[in-house]
């Protein structure tokens, strides 16, 4: 006798076709991917992730920087840093990859964030996961209060989505973008300095909800800066990155305390993180 | 045992050493865990008896990286492993104080259990008697019958590298078996019989890596099987080939370096006689390239990094 | 992702007649990463190469596979072509579909199928190729010659003549070596000193040659083009710059009882001495072991008589350090002391002498002023027995296994010279085989037998003993098949020659490999006979194996040419296919260094960032000197963690070829 | 309660295997493992613990999840079948039977792991009550009754007779298929079974680990345990091997890897161990730097993290396999004892 | 492995590792002299026989090779002076282990072939192929996943 199931399994990916590749910075490319028939691969919420794989090369978890409102394609901004990402960077439009998702939780854009002033802080490639929130909020502009985006990178060339952030976002009412780079550079007349200092300089009122993503060192100092300004940890959200395999809270790799970053995260509030063992 | 405690206390007290690497008694009367003791912790639980079977030499890789000097209790057969670690620059000899301890062969709990005993509550050693108390009744066993396999073919009872050693005239009182007898028995089989034997053994392997992680020679910073860039990394035996591959490669990597301490076979949860692979290499090298015991000293070139112009051709194998 | 171009060559009909080149190109085009595949009649032709160059440019190829003849034939050609197109030359792989396919198979289907597999393997490999750049290193334009015998002198002169500075290090107080001790040379019988001493003077005076006599090499580091050598100049106790070489000190020295090494101990010298009249430099040296001044603090006569004030009892050993681009080993040989052959009575009877001692007895400048007088009583010998192959060509542990090569000829020379001067002497020669392959050699030997009536006896000597004031030589005459005993006044032993004792330590310092007899091994027995396997180290003379003077001189010249060839270069371009150690994987276990034939691997303690509270950890890791490594790969297999890999033939590359072939 | 009418177990086994694939504890190369039954196999029902637990049948050490065909720019995904032959596993002990519940909480939680789910659906678990527990056993600590295992069917062996009781619908249905071999047990027989069970429980109460206390391991004390200085002492000798993990019936961490067969890519999953230093290593760093942290992770997960997510159910069933197999004799029982001291 | 349907003759897959300086040149010479041997042999060029890691040989068997042969310079003639001496010991040990595991020892071989021995190369290959052919397909040491 045979038993049967329906093979609807999150381990099994979908085929995605890379339609377009945009060189964002010297080491970051944005890949626009959709299904072979041109439809979206799946629905997602801001902050959620997907596993992209080239079979035989590897599979990796990437956040989805495009807005759920974009029904044409899904974007992934990927920094070249290892075997899989190098492979992805060497790809050409028209090639296939496999995609699994959506994975993990998302920013509470449909409840907690509603009506709030939002401060988005990003550093380097850390802007990718929060971009989706910004795009989502810009598409539902009336639901949210003032939006500030603080973003820093090493140099002007390393600012991902520079054109979009400097030209398009500020056009939206009540939306402000503050860009900074680490060191003085020709052709840059904006602020210079590290993100944590810049955030303190900007001296935001503390009635905002903060979304933050970037390198660990930036997170550490920016958080401290926000605390100095009078923010509470309950106001600050971040997304985490750990080694992941299954993406669905089973394989055990991203387990911290009772949480699985791939399933219960990647979005956490800092007060939640405080309750977890410091193994991230 | 008392002599050891006294000596260790003395060296700890007079500041010769800062820490002591030895065995610690466990929950049962037979489980022994390697442990580090220092002045602060005291020597509570330190034990040296017939169940202290672990080879402590490998722990010295990490221990000798730490500040201060560590005293290690070194059984004769484990001291060969230490010599290899010294030879291969894996330990800092300066930071190690080796206290050689005598060994009159170790007793195997598995062998006690193999006699059918289970639910063991206590084991007491009295001379050649092993008195076992179980929830199902009491029994006395002859020590000779429950010695560890590796002790039955022990190389010798001499600590080959030490700063000081504690002597004892106690002997196991057993007749040593021929170390190569098991290998010879396999050699005497037909190739198909050998194949079936090894399949039945190696197919049990669960790739827990205990054999590798316990081996004082397998001390690579990163093992080829854990390194995805080698092209042979693997975590499980997905195919029978991988069962063979892992053990062939492991045996080959330690060929000429293996001291035959027998830990690989002891720790194998599936009791695969892994020592028979290593011993085959030892036997072959002894026969073809002259007798060589890895770890006897910390200098000699091992057979695979040496040669003579008159070496046998590989055809000796297929002409057999 | 690579972009690979595959180029299938017809080689006229050489390939195309048996392999369906179109099918190969077609199949290759379906392999992963292949973006371009084509075929052409002659890929190696200029238009073929242009085809490749154009394709590389047009398709932005990152790797090239050429299916053609053996890489041994045209690999360099195609690499150069790739380079012209701006592609790293090591991004080219060759699939050998001619010698290893079309030429050996007849069935077209079979050959085509195989060609496809070979192409596939090359495609798989090239995907893992990495651009390689040959390392460059500067060449120090200075040569060191170790040993100042005829070999060393000849090499030094030839190199110096080409305009490069040369230093000769000689452990004795004078250059000249063994040849200076010889009387006449075979087969021409011209006087050794007459031909050698002018060369010694020339070497001593040459503006490009610096002599370090009474000196030894202490330490060598570095590699081809960049050796750094420490030389110990032993204290002569005589100031070289002040001494005029008048020799008065040597005459006045009261300690005249020292065995004279130059005359094989057959006469005496003073504690301060010049080894021989024509020594270069002609500066005496004080034997501090024998000197009264050093033993008791008294005496000091030599200092008093020296008008130049050259004597300096306080002089100390001096260590000089010098950089060299090339090193020539010319450490020469010694004759064994046949003391182990007790039956021949060398230690027992003064009149049993070695051939080199006999050489001194014959020499006009020798202890007997050229009169053949036997050592025991100074009388001229009338019956002389020569014994050949003493310690040569034997199997026992006291023997050398090799033939010392020169003994047959010098024995014939001794016989002829003796007969020339003392025609009434009877000469018997015990020999095993008479070996005379050389220009005019056999004629020379026949002259000894036919013209001079030397008694050649095929057989070995079993025993020499004294009876009635005669040396009784008991031997076998194999041709007559009888035991014979000859009564002799003198017995001359053609003792085996062996490499100089100092060669072994030099070999270790230079990682120049030696054979079991301690002769230096050549890089290739046939094709590179004057080079050591260690790059930048060359071999001259007897240190490589027994040879006579003309052979020595020609090898010395050949070594000089190799040195000149090296020193002419400003920079050395290394072979980029060398071993490389991944320090993140390296255990520092030293196994790789144990198998490296070139001493290219050293270890350093290096700090690494590690997880945990300590943050840094010092680990011992292997470092490959790319200028020294020749790329054999022995280390890669010895390395258990695969930290050691070979560029151009990496583990992954070879495994990918295996995979492609076994697919 | 039913009883098996023949004294020949092989009769039962051949009857079962005529219908379905039957797994029983068999001896292979000197060790006992769950293997497919056949006339020629050496069945070892007496063995208390197989080396690998019965989880291997539902969550095998390695299984192919899917395949990929790569051609040019295209990828084709080959999804495995959605059907599977039903199978029976006979001789599962109470501890292992409990472990299925632990695994179910992971694999059957949304999103469902269909590989595990299909195997669970296909498998009929026939348990065997323990008769001869040993010193490494401590299932009672986790509230498991060794004489009353979970499972679809439970069996007891008393004086060579096999007693049988179906516990689930699946078990009932299967029992019905075997009705010709089974008969009602008498009241005396049932009493004999009960008596034996009591005797076994009495033995268990005397075992060295019978009195381990786990009540203290509650979520609110997580950080207290996490920061305990005891870990530094406990982990010291740990070799970082995966023995405890791989013999454990509840450990379920896995790795997903790709294998290039030369004709395509096979994506398979295999057991992994949080004790391995590579487990959490990333290009950018390593959240669990030392063996101490990895060692702690395993036990914290079993005793705290898992229970916190699963209503206090511990991820340890007290089977004692790690107690027997750890090369350095360190195990969860010692950890419980050491931490419990606080 | 391919089975030629018409003749049913077993066509083994054979990997030959040849050192660049002697054996690969010997193979080239065999080609130049048109000395034929079956197409079943595929040569992989390595700098020296001592470059051949036992892993490569195992890999070949894993991937479906039926025989593996290693050719290098004659002992004493190594381009790198000592490489083949190491290779000789390493291969002896590997072959011994394979034999010990019950794998047909005739599937592995080492031959020393100089650059001048084209004829020997061809003869060696012919002989090795016929040996492997008589053994049939390698079943004991292959990875079934790699079988199409």
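General remarks:
When the chains are written out, they are named A, B, C, D and E in that same order, and each has its own residue count from 1.
The rule is simple: a residue touches a chain if its C-beta (ideal position, glycine included) is under 8 Å from a C-beta of that chain, and two chains touch if they have at least 3 such contacts.
Just so it is clear, the structure is predicted and the values come from calculations on it, not from any experiment.
Any chain that touches chain A and also touches chain B is listed here: C, D. Counting only chains that touch, the fewest steps needed to get from chain A to chain C is 1. Taking C-E and B-C together, the chain pair joined by more C-beta contacts is C-E. Using the average of C-alpha coordinates as each chain's centre, C ends up farthest from chain A. With centres computed as the average of Cα coordinates, no chain lies farther from chain D than C. Distance between chain centres (mean CA atoms), chain A to chain D: 39 Å. Rounded to whole angstrom units, the spacing between the C-alpha centres of chain D and chain E is 46.
One finds 53 Å separating the Cα centroids of chain A and chain E. A straight line joining the Cα centres of chain C and chain D is 69 Å long. Each of the following residues of chain B touches two or more other chains: 231, 238, 304-305, 309. Taken residue by residue, chain E touches two or more other chains at 54-55, 59, 63, 82, 86, 90, 143, 145-146, whereas all remaining positions touch fewer. Within chain C, the positions touching two or more other chains are listed as 595, 638, 651, 655, 659, 662-663. Contact between chains, using the touch rule, shows up for A-C, A-D, B-C, B-D, B-E, C-D, C-E, D-E. Residues of chain C touching chain E in their complex: 70-72, 96, 98-101, 103-107, 110-111, 113-114, 117-118, 121, 513, 521, 523-525, 533, 577, 595, 597, 630-634, 636-638, 646, 649, 651, 654-655, 657-659, 661-663.
Chain D makes touch with chain E in their complex at residues 259, 261-263, 266.
Across the complex, chain B is touched by residues 54-55, 58-59, 61-62, 75-76, 82, 85-86, 88-106, 108-110, 140-145 of chain E.
Note for the complex: chain A touches chain D at residues 1-13, 15, 55-59, 81-82, 92, 94-98, 242-243, 245-246, 248-258, 275, 277, 279-280.
Listing the residues of chain B that touch chain D in their complex gives 26-28, 31-36, 41, 54, 59, 118-121, 134-136, 200-201, 203-204, 206-210, 212-214, 226, 234-238, 263, 266-267, 269-272.
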